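Order of writing sets the labels: A, B, C, D, E and F. Residues in every chain begin at 1.
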Amino acid sequence: MSRLVLRGDEDDYKMSATTINVGVIKLGAIASAPLLDLMFDERAERDDMNVRAFTSGAKMDEESAVGPVEALIAWKPHFAIVVSPNAKLPGPSKAREMLAEAKIPTVSISDGPAAKAFYKKDDEGKKKPHVLEGQGFIVIPADSMIGAKKEFLDPTEMTLFNADAIKVLAVTGVMRAIQNELDTIVAAFQAGETPAMPQLKLTAKKAVKCGYFKNPYAKAKALAALTIAEAVAEITSEGCFKTKEADDYIPLVAAGHEMMRVAANLSDEIRELEKAGDSVLRNPHVSKGKVKTKFGLMDKPK
Amino acid sequence: MSRLVLRGDEDDYKMSATTINVGVIKLGAIASAPLLDLMFDERAERDDMNVRAFTSGAKMDEESAVGPVEALIAWKPHFAIVVSPNAKLPGPSKAREMLAEAKIPTVSISDGPAAKAFYKKDDEGKKKPHVLEGQGFIVIPADSMIGAKKEFLDPTEMTLFNADAIKVLAVTGVMRAIQNELDTIVAAFQAGETPAMPQLKLTAKKAVKCGYFKNPYAKAKALAALTIAEAVAEITSEGCFKTKEADDYIPLVAAGHEMMRVAANLSDEIRELEKAGDSVLRNPHVSKGKVKTKFGLMDKPK
Amino acid sequence: MSRLVLRGDEDDYKMSATTINVGVIKLGAIASAPLLDLMFDERAERDDMNVRAFTSGAKMDEESAVGPVEALIAWKPHFAIVVSPNAKLPGPSKAREMLAEAKIPTVSISDGPAAKAFYKKDDEGKKKPHVLEGQGFIVIPADSMIGAKKEFLDPTEMTLFNADAIKVLAVTGVMRAIQNELDTIVAAFQAGETPAMPQLKLTAKKAVKCGYFKNPYAKAKALAALTIAEAVAEITSEGCFKTKEADDYIPLVAAGHEMMRVAANLSDEIRELEKAGDSVLRNPHVSKGKVKTKFGLMDKPK
Amino acid sequence: MSRLVLRGDEDDYKMSATTINVGVIKLGAIASAPLLDLMFDERAERDDMNVRAFTSGAKMDEESAVGPVEALIAWKPHFAIVVSPNAKLPGPSKAREMLAEAKIPTVSISDGPAAKAFYKKDDEGKKKPHVLEGQGFIVIPADSMIGAKKEFLDPTEMTLFNADAIKVLAVTGVMRAIQNELDTIVAAFQAGETPAMPQLKLTAKKAVKCGYFKNPYAKAKALAALTIAEAVAEITSEGCFKTKEADDYIPLVAAGHEMMRVAANLSDEIRELEKAGDSVLRNPHVSKGKVKTKFGLMDKPK
Amino acid sequence: MSRLVLRGDEDDYKMSATTINVGVIKLGAIASAPLLDLMFDERAERDDMNVRAFTSGAKMDEESAVGPVEALIAWKPHFAIVVSPNAKLPGPSKAREMLAEAKIPTVSISDGPAAKAFYKKDDEGKKKPHVLEGQGFIVIPADSMIGAKKEFLDPTEMTLFNADAIKVLAVTGVMRAIQNELDTIVAAFQAGETPAMPQLKLTAKKAVKCGYFKNPYAKAKALAALTIAEAVAEITSEGCFKTKEADDYIPLVAAGHEMMRVAANLSDEIRELEKAGDSVLRNPHVSKGKVKTKFGLMDKPK
Amino acid sequence: MSRLVLRGDEDDYKMSATTINVGVIKLGAIASAPLLDLMFDERAERDDMNVRAFTSGAKMDEESAVGPVEALIAWKPHFAIVVSPNAKLPGPSKAREMLAEAKIPTVSISDGPAAKAFYKKDDEGKKKPHVLEGQGFIVIPADSMIGAKKEFLDPTEMTLFNADAIKVLAVTGVMRAIQNELDTIVAAFQAGETPAMPQLKLTAKKAVKCGYFKNPYAKAKALAALTIAEAVAEITSEGCFKTKEADDYIPLVAAGHEMMRVAANLSDEIRELEKAGDSVLRNPHVSKGKVKTKFGLMDKPK
């Protein structure tokens, strides 16, 4: 990615009053995580904010979470993001508790199973968001579980699956939906406010709205890609947790990765469809977190 | 990715004498970086090592590097990895110096332009590796620069480019080459030794050896994909650094991303070719960093 | 299809003692239906059996079912097949009752929602098959509902969706699974027995066994294709039954068709993968319902 | 397909004075046949007409034709359709004679070789349509013969070939041309008239007019797809009728299926091309056989 | 192509007694022509023969033919090749006559319509080869006519069509069939004999034998590709010669090019299928016209 | 290609005063060469000019060049074109000298390495064009060297590589750039002038301007395709000239061909993208070298 602080239009670079600091905790991995801290400043041009990430590698146990979270708290960021698979597991739960105690506003980003961590039935049996004070969440059902069996998953297959999943999330609008939520938080802090943290289950239908597709078939295909990506979890979790024999689970986890590959290839088709109409939305951060948008490739962002 | 500590064969899980700690510094981003800390333990099953990453988000200046590096040094890992674009820039250079001073063995992972940081001409004018004491490097020319212009690069395009680049690095053997180097270091520490750090320019020809392709056309295509990926940098760097008008540089940076997309699609073709012969190599970490290998999908790793 | 009674090997054509008659009722349409009556005798070479189909076009109400069923009963076949969407609806239910009364052994072929018609919880709350006497069923969850909204579905789109769905069912093994069940019934009648009718929920995992894939990735891809095809129903039924505004349901039903298209394209890929290994199983009816098999394209069926 | 009588706009559902009954005879199979009876009422919403099909499975001999035709005649429909390969063969010829005798207006739908049944040279040696009284025909040269050799064609390959052929007929305009002809007949009967039956050889050039392609390359590709599909018959008929050794005819019939697969893939490309311009024509039956049309996916049919 | 006389194995380069000279006349263009003179010596390594081509550009009239043919005759080659579309036209006919008179053995290479130039019915009405003394021919029906209308064909489209057609001829075996015929003639001259010129109609079935496909589906697909390529001529000649209005002929000639594109893409698929099995035949000229063969990419030619 | 002098609009065919003669020397082969002489008159309709080509087959030595050049000089054309790989080699150099001596204006067309023949550093060390009097050049860096090793390159592979390279040159604008330069020369001679010969290094950026792409992504992809094609030479020349062992150079030359195949497939994608917008530029020679242009397929050229 960008290697230098590249200079743009003069007036894009007036100093802002406050520099916002964002701390990111990554525990284990989902496809939304690897590039998350780079999404605030995709060309490394902003001097109005700092992002630091602290990770425990692949580990998600409580003990592994403590160190990175302590380091983050020590840095005293304006707010924190905890990104992990299944946010109900001990590691991410511990992280949320520590951050709540430290009174650092926090948004969790997690996958489908995480819904259990963030919704609780009310007296009428209706599911209601349920979070620690000052916290919020973005649940992404399409960010499905990998096929984590040793007969199948080596580092190469792991990176490949994530590449496919990232492609799906990027093209269909999920990445932009996350960007929008985070931009809103940062903007509020820049304006001196303490924003409410989002409480968002990013279903396929909600995500594709952030695709801003001009071609209606691109939108339909994006819904299709996300529905396929979401269905991956059914078959990988069956393979990982409910099947005993390698002869039985290898085909299941392999099928899950084939599905994600198919969703990625469909995503490529979607992007090409929008290229055919020269209608790819781009919404770069141009200065101080200000976001401009453009559709035609040769247009100036506005 | 994997959400739980999944249990494998009993004998894979005897305790090792030493737990190895690995600290990763990520400054800015190249495609080798986002999933790097997960490659030691792709299914989150190892209890013989800990990996922690500390990042400065997209920033690569000296000041942004100091905080994460101090946090890493405080953790006292067995060795450190500094992954960044152009390792010659102030941020990564500062990181290497601080780690050298702290006497933490360090390997830098960087892209093509980084060669200037790690090679120096000797008296006869021959390029020789040149590093701080106890340090090494892996230079990856195919991990080409992104098209970092605000008219083109928004967070969505940034994640897409990285997804394509990761796919290329995974399929062609680059990711496995990195894995091999890092596994070797960890194994040495586990054996109580202080290993020499690698000094490796991972050319296309070296990388495809780690693809372990059984089909010779798969190998030829992998060479092709890496050569294309490497050529991306020529056109994106021309677009980013040597071209003034948006009308001129937009087509160039867009062309660079089209090339990476083409290399990713070719990589998909390569993987499918190996699937057709049921000869995809998998080399998972099965226990304590022990790596087993297999080719047939339904085989047991050996 | 074949236009003439083509002659094969002499000894394949000795007369059988009994000619078996099969009556097929088609009410409405699922993708398993259109070519079902041709699957007994794919090259029009058999003189040991007759198949007649009677259909009510697209209609599935009770009244529309009566005529075709009466015509079938009048013909007195050895057994009957009732193929329809959702077998619990009035038309197919009426057909089953009339055939039970007429003591004609009957197998129903239907889609996912039909499971409700054929399974009932026992005292312990466990689902058990539940059928009229002398009857059986094949439930095919991957034979998902079409996107039946007038803003989207015209005769052209209807035939296209069915073409895609038929391709999925053919390549993945579903069609062969149906063939096997029906061949078994016919063979029993030919042997003078009254066979038990099958009680089969043809899940993806069961269906791919009838794909007889030699390449394990072909099998994994077949599981993927069927899982995608099955997930189509979630989104088309949401679009057809749970969404009011055209602006909301058009993208949903369109997405369902995009998913089936993707599953069909993946099926094409599967077939090509098996062609690459010259390992496509073929099991033609060669005489009197005798089925031979072969893998190599140039092999003689055995 | 649609499982329920779905309700549309109120004013689309006023009762019509007459309910039209259509009887369909299917003898053997061509790709135009399997979904034909569903094309009158693709969403099962019409209460102004009934369609019943009667088939002899794969058989095309005279004896097999008699039963279904008698059943149809007994039902006394307003008109009949006889769909079969090569309409000159005994079965379909017998069917036409019986229907002429019963004074039921009849339209035959058949493939290229059927032209011999429906055209006769006049005194000047010019080919003129030649039919029984009250009868007509639609000859579809692109609906080519399958590769009916036992070493190649099993039920799975048979369904696959038909899926490909149906896709070609649907996308290129053939299915819509058939729909138009049949809609015209039904409308005439609804208006109390006895319509002239069509006498139509549906060449590629005529068919693509019913594709209503907005993109001229889509039209050119449709011509290409139909020309390829039509050329299939040359090679499959050579393989089936003029070649003795399996080693010689297997490659020929396999080549025929590869050609149809190629034509189907090209058809997919055509549809995607029209999706790129959001210009897919849809002409659903919206009520009482009334047909509305639309181009933009999100448009209301008019 | 190759720029230098590259040196191979020592023993491949002993001098031969005679140097063979081959003169090529190209009049107008078919896809077999542009690279024909390079097929004798694909790496520019042979010192045992010389090839010179003389062309009249696109022109095929008698006058345009005379000059190049005179130049060729003046050079006195061992034999001549006349390659042109429709060999019955005045230009190529004149060339054959002049070469016959000059007693230079000649083989004509031409397309489908050329059959009329080289076959004549005998007394029993059977088609027999019919050539001038010392002459022969290779007729290639798959080398179909281009869509030569000014509204469609510019230099770019012309080169594109030829690229597609060359790809088809190369992959399916046509190019190797030509190579074999020409190698045989050269070898005979080198042995001091005057060879009989070939009289060959290179049908699809004959051509694919020179594909030496190991995968039987590759062979079937090659038959398909050639059959499609051959069918191009029907539609382009209709567009060029039998259709008056631009609105009518543009879609026809465009369809012809779409068909050739489809045949080229299928050819690419064929080559990839053989690559998957590492069974691509290569038969390079290794010395003095000696041809060696190999299948595995890493094999030594034998 | 076109077989007859097809007649167009009346006023397109008034006689011109002068008939221009163009002589083409082809030595060895690059992809720009095989169809070059046909680009002046792509439908064989012009009576205002003659083109004759004279070739030495694959050979590029001085001796092989002399004969064809003498024949050309004897014909006394208005100007000459010398097309060959690496124009610095003895054969093409000799040709240029002979043509200079004969005072025939000459333009050389060659590949990347040819730049050394046509540029010389001036006193300030700046590269300046440097040619014989009355001569010019078009250097095409994307017309990369073939993989000329006997273990890899047979006539079939040679034709395939050229087909791919021609496709790239045609779609991206290179062919049109050449056409434009040559049309300009011819027009000047027709006007009675002696034109200056072009001095043009046809970089990717210059070439795509002649693609006249309306879709900006088509342009970016064309830049990508040409950059890939240009990078082919690095790997094939390494394989051909700098690598000794077959085990080492076979993968390299094979990779070069895979890259050109990828560039060709990307070119196909580009053309389809422009077809989607019905914006393919066509600029046919309509009469006397007059070039008209059109974008919409059904438009009249203007």
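Here, a contact is a pair of C-beta atoms (placed from the backbone, for glycine too) under 8 Å apart; a residue touches a chain by one contact, two chains touch by 3 or more.
Just so it is clear, the structure is predicted and the values come from calculations on it, not from any experiment.
In summary, the chains found to touch both chain B and chain F are A, E. With centres computed as the average of Cα coordinates, no chain lies farther from chain F than C.
Interface comparison, E-F versus B-C: the higher count of C-beta contacts falls to E-F.
We define each chain's centre as the mean of its Cα atoms; on that basis chain A and chain F are separated by 49 Å.
Centroid to centroid, with C-alpha atoms defining each point, chain B and chain D lie 57 Å apart.
Touching of two or more other chains is recorded for residues 216-217, 220, 250, 254, 276, 297-298 of chain A. Every pair of chains that touch is listed here: A-B, A-C, A-D, A-F, B-C, B-E, B-F, C-D, C-E, D-E, D-F, E-F. Only residues 1-6, 8, 22, 24, 26, 28-30, 34-35, 37-46, 50-61, 64, 67-68, 71, 75, 85-86, 89, 113, 145-146, 148-160, 162-164, 166-167, 169-171, 175-176, 179, 240-241, 246-247, 250, 254, 261, 264-265, 268, 271, 282-286, 292, 294, 297-301 of chain F touch chain E when the two sit together in their complex. The touching residues of chain E, when paired with chain B in their complex, are 272, 275-276, 278, 296-298.
The part of chain F that touches chain A in the complex is made up of residues 215-217, 220, 269, 273, 276-277. Interface residues of chain A facing chain C in the complex, by the touch rule stated above, are 208, 216-217, 219-221, 223-224, 227-228, 231, 234-235, 250-252, 254-259, 262, 266.
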